[in-house]
Amino acid sequence: MDIASLLGIILGVVMIVFGIVFDKNTGVEFSKLFSFIDIPSVIITIGGSLTSTLSSSTLPNFLNGLKSIKLAFQGVKGDANETISNVIELSTIARKEGLLALEEAATNLEDEFLKKGIMLVVDGTDPELVRGIMETELVCVSERHGKVLDFWNKLSEMGPAWGMIGTLIGLINMLKGLDDPSTIGPSMSVALLTTLYGSLIANWLCGPVSAKLKANSATEIMLKEVTVEGLLSIQAGENPRVIEEKLKSFLAPSQRTKVNEREGEE
Amino acid sequence: MDIASLLGIILGVVMIVFGIVFDKNTGVEFSKLFSFIDIPSVIITIGGSLTSTLSSSTLPNFLNGLKSIKLAFQGVKGDANETISNVIELSTIARKEGLLALEEAATNLEDEFLKKGIMLVVDGTDPELVRGIMETELVCVSERHGKVLDFWNKLSEMGPAWGMIGTLIGLINMLKGLDDPSTIGPSMSVALLTTLYGSLIANWLCGPVSAKLKANSATEIMLKEVTVEGLLSIQAGENPRVIEEKLKSFLAPSQRTKVNEREGEE
Amino acid sequence: MDIASLLGIILGVVMIVFGIVFDKNTGVEFSKLFSFIDIPSVIITIGGSLTSTLSSSTLPNFLNGLKSIKLAFQGVKGDANETISNVIELSTIARKEGLLALEEAATNLEDEFLKKGIMLVVDGTDPELVRGIMETELVCVSERHGKVLDFWNKLSEMGPAWGMIGTLIGLINMLKGLDDPSTIGPSMSVALLTTLYGSLIANWLCGPVSAKLKANSATEIMLKEVTVEGLLSIQAGENPRVIEEKLKSFLAPSQRTKVNEREGEE
Amino acid sequence: MDIASLLGIILGVVMIVFGIVFDKNTGVEFSKLFSFIDIPSVIITIGGSLTSTLSSSTLPNFLNGLKSIKLAFQGVKGDANETISNVIELSTIARKEGLLALEEAATNLEDEFLKKGIMLVVDGTDPELVRGIMETELVCVSERHGKVLDFWNKLSEMGPAWGMIGTLIGLINMLKGLDDPSTIGPSMSVALLTTLYGSLIANWLCGPVSAKLKANSATEIMLKEVTVEGLLSIQAGENPRVIEEKLKSFLAPSQRTKVNEREGEE
Amino acid sequence: MDIASLLGIILGVVMIVFGIVFDKNTGVEFSKLFSFIDIPSVIITIGGSLTSTLSSSTLPNFLNGLKSIKLAFQGVKGDANETISNVIELSTIARKEGLLALEEAATNLEDEFLKKGIMLVVDGTDPELVRGIMETELVCVSERHGKVLDFWNKLSEMGPAWGMIGTLIGLINMLKGLDDPSTIGPSMSVALLTTLYGSLIANWLCGPVSAKLKANSATEIMLKEVTVEGLLSIQAGENPRVIEEKLKSFLAPSQRTKVNEREGEE
């Protein structure tokens, strides 16, 4: 699990609350928070953004998008060191005991993608077809991620748009009935709330979630590419040392020793 | 049919009406809605956006664009499971009864694209030429979709632009005759209406329609690509099992069992 | 000729005039139009946009850009059906009477690009060289179009920029001499005029012209690509039926019958 | 030399001055110009933009960027007709008198790039290596141009940014001391000056210079590509007629006759 | 070390301070600086930007991002002249004394990347594998740089966003309690401070740092590409003269003589 997004979002709230309640002259006044919570403004900004995101999508993709927020708070599934160690271990088994021995070894793997690939190799599938199937799978994973990203990008784009729509509605209502000048200030302050909410949707929540999911997706895809490379090398009967050398160059220098240590343990 | 866009657009209207009529202090006042409907403002914003979209295009493309709104409320033509099942079924027939037997099987197909491909295969067309013709068709479909997307993107871009033009005209008219200060408020409120309309055109209607059509187009193109892959495999006389394995990797894991079930039924 | 751009631009003017002169309370007042025409504002906005576009370019490219506005009101040169029919007809001649017979047939062609290609084929030029020369020509046409598009894009971008410059100059002048409060309104209204003009340059005129020219250019390039494909097929002595099948997939289904009819007539 | 940029920039100044001094009611008043010149505003806008551009770059690249403004007022180095004529002439010499005869012919060339290529050919360098070396050179020229463009793009982007910073500083200073309402107007007018300057930096000067340099760079690169194509054809001993045909398709139709004339003269 | 970024950032501060304290009428007043320093505004703008950047990233990438600011003030690691001289020298050794002699020569190299490559060559690794490993390493370096750039780009984007959030909070607070008109000016001036801070984060600090790091990264990658080219040429046993000719075309003409001089010294 990666703490950064959760921490960032919580600290963001702290910043906003601090900005609202703190005043150099009058000190901290928590009661000011109440004037920043306006249920109708919340409904129009968040509701509007969600409805526009809904109409940009299909129902299943929209619901997947909503659910995906938890992915931003989880780390990437899988781990480069583990993936590479697994592939190297499997290549050693294949070298020593033949490709068929991989079947048993694969049953313990948690990584479904690697498992599927091993099964194709064990079945004696043509290397070109193994590559084809695995890469199509990769493309599909990447498309699935893309749909989730589309959800967050759209929401992030719609937040400020509906914030502005809310502010325009508030301003028009206010200007229509300019009877009592003393109400201008409070009315405008309420009108501006939706702009604030929209800006927060984009910059405090959805923008960062989208950026995080995009980075996670890139890492996951990279891991899967390493797996495909490794699988094809195993099938081609390459030397485990050479496979290791090839795969380790995917890691940052600092991570390479870890793989060595892990292997030493085994 | 996919309900998301229709639902999203209707819920969007609910949000806007709610934002206009609801007031924490005075409660719901539906009469306020009247001050948000201004026919001249509607004409200049919607009319202006449409005229600029018209001049960016040719008459046939413009009319096609207008008509395409219904596509956003329909689901994608075709269905991955069905397409793949069809291709697998055809490959079994071809394997058992020869390529010529496909002619009869193809007559029941609803998918015109697959039908045309089968006909080319039955006619004994050269595989390279089959691929060439099918891919040119694909490119042309994608270009036709692109023109429809251009229409919605342009409209979505022109909405806020003409909204601002309307507001500028309103402001200039108002500032010219600043005789009676009591009219400033209402005049400005009318001037701001076009900005509101423009923003709604872009964010409530046209942006989502464009995003939806783009996603639908991508799915349709993907289905056609799967079809071309499958057709060429059939022509090459590949094993139906291998074809199935290849094509199934185009589906999300959850959809794969469905294909299996469908096939079991048959 | 395609009516869309001309119609769109004229209807745009109607919208603007309507927005200016119509008022729900006081009715239509054409005299208001006068306060929207301010020669110095016109000079600074249009003049400024043109000078910035001039300095972004060379003198010949700038003049070509100015002249190209008429292209937006013309349709695309050439027509897919005609081009394809011509190529198919030429391929039949080449098949029946040999490549040399093309020379006579080519003299009647209006399409200079096709004519040049036929001449190269008749001269017995190496197919690779024919492709090379024709494609370089294509690239050059596309670059020439690109320069014209650059002109309109730049003008479209500079309009609002100089509109804002004009408004800033007006505001600064006004704020400098705030002696008589009664002049604020009219002064600001004049200052805002340049912003309005700039917005119209971009959204009513130059943006649409640029979009139209870009679409026309894409169609023209596509036609030329079809021609090159056809020429090389003729030179390779391919069967006219196969050439027809190949080229027809470039057309939308609705247009295909037209080619068939045309050929039937011949 | 190309007059367009110089003319455009000078006419731009004329537009700005006209916009400032002309008033429909009071006529031309050149004294107004003084209120548009404010040294501190100039320093913060231009100085700030330059410092941000400096920190985005290295010292040598920054200085090269500054110096490159003169390139916008020069035409492109080299000329398509001349380059092509030279290559054709050299190919005739090579054909008639052998590759070694090129050495003498090359000594008169002003085009260093062509000269270097000829020298490589005369030295009997391997064609692959000639292409490799010439293309690396091309890439390096294009990278050098890229750095100069980065300078102007950054400056063009930083102008409005620092203009806004200056205006914010002016507004904050003004709002802090709102003692005398009569000073609001003039203070705001000064605050807005930096926004005006920033806008002019971007739209009157740096944007056009950047666009011009980019177009010049594209032409220069294209000329060098033509040269490389020609050189390799000469080395391959291709027929001068064929080389001419190949290279002439790089020219616009109107320019082709000029090459013919030039050659006729020779 | 490259002085440009440090100089630019310091001169930027000078510009800002000058803009604040200088007034044509009242002269320099350093006390004005105090009204531009507001700790709560600093906290909300900088804190908010950092928290959003944190939630867009993982904890290790965020901390690496923070640390990377010093890289903007350092020059690029490595130097084209030195790299090329090293490769040429190594190629001469390899030619004269055989590939194995490179092992000793490599021990003195400071460039880890070149050293690793030489070791692979000395170990008799297959050329394809050498290229594969070195290029994977290159891609990984480039990805690492990309993550650092993401940090600065995000921070640069979030600065103005949180500046606007701060200003909205300030405006809403101010409008809520419009009791005393005399406080409007100072309150608005404080509200605008966060917008100023955000603008400075983006344009004075983070934008330039990001641009600088991007340029440095491009140079470093280019150097590594030159190294890989050189290594493979050495392994292929190419003539040192040819290698030199190849590699020198990566340098600007002005730098080439330096390499010659360096070599002359040796």
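A, B, C, D and E label the chains in the order they appear, each numbered from 1.
Rule of thumb we're sticking to: a contact is a pair of C-beta atoms (placed from the backbone, for glycine too) under 8 Å apart; a residue touches a chain by one contact, two chains touch by 3 or more.
Here's who's who by UniProt: A, B, C, D, E = Motility protein A.
Computed from a predicted model, the values in this text were never measured in an experiment.
With contact taken as defined at the outset, there is no chain that touches chain A as well as chain B.
Looking at chain C and chain D, no chain is in contact with each of them.
Taken over every residue number at the interface, the positions common to chain A and chain E amount to under half, indicating a different-residue contact.
Chain B and chain C have Cα centroids lying 26 Å from one another. Centre-to-centre spacing of chain B and chain E amounts to 42 Å, using the average Cα coordinate of each chain.
Multi-chain contact residues, meaning those touching two or more other chains, do not occur anywhere in chain B. The residues of chain B lying in touch with chain A in their complex are 2-9, 11-12, 15-16, 18-20, 22-24, 32, 35-36, 72, 75, 182, 184-186, 188-189, 192-193, 195-196, 199-200, 202-204, 207-209, 211-212, 215, 242, 245-246, 249-252. The touching residues of chain C, counted against chain D in their complex, run 38-40, 43-44, 47-48, 51-59, 61-62, 125, 129, 132-134, 136-137, 140, 144, 147, 150, 154, 158, 161-162, 164-166, 168-169, 171-178.
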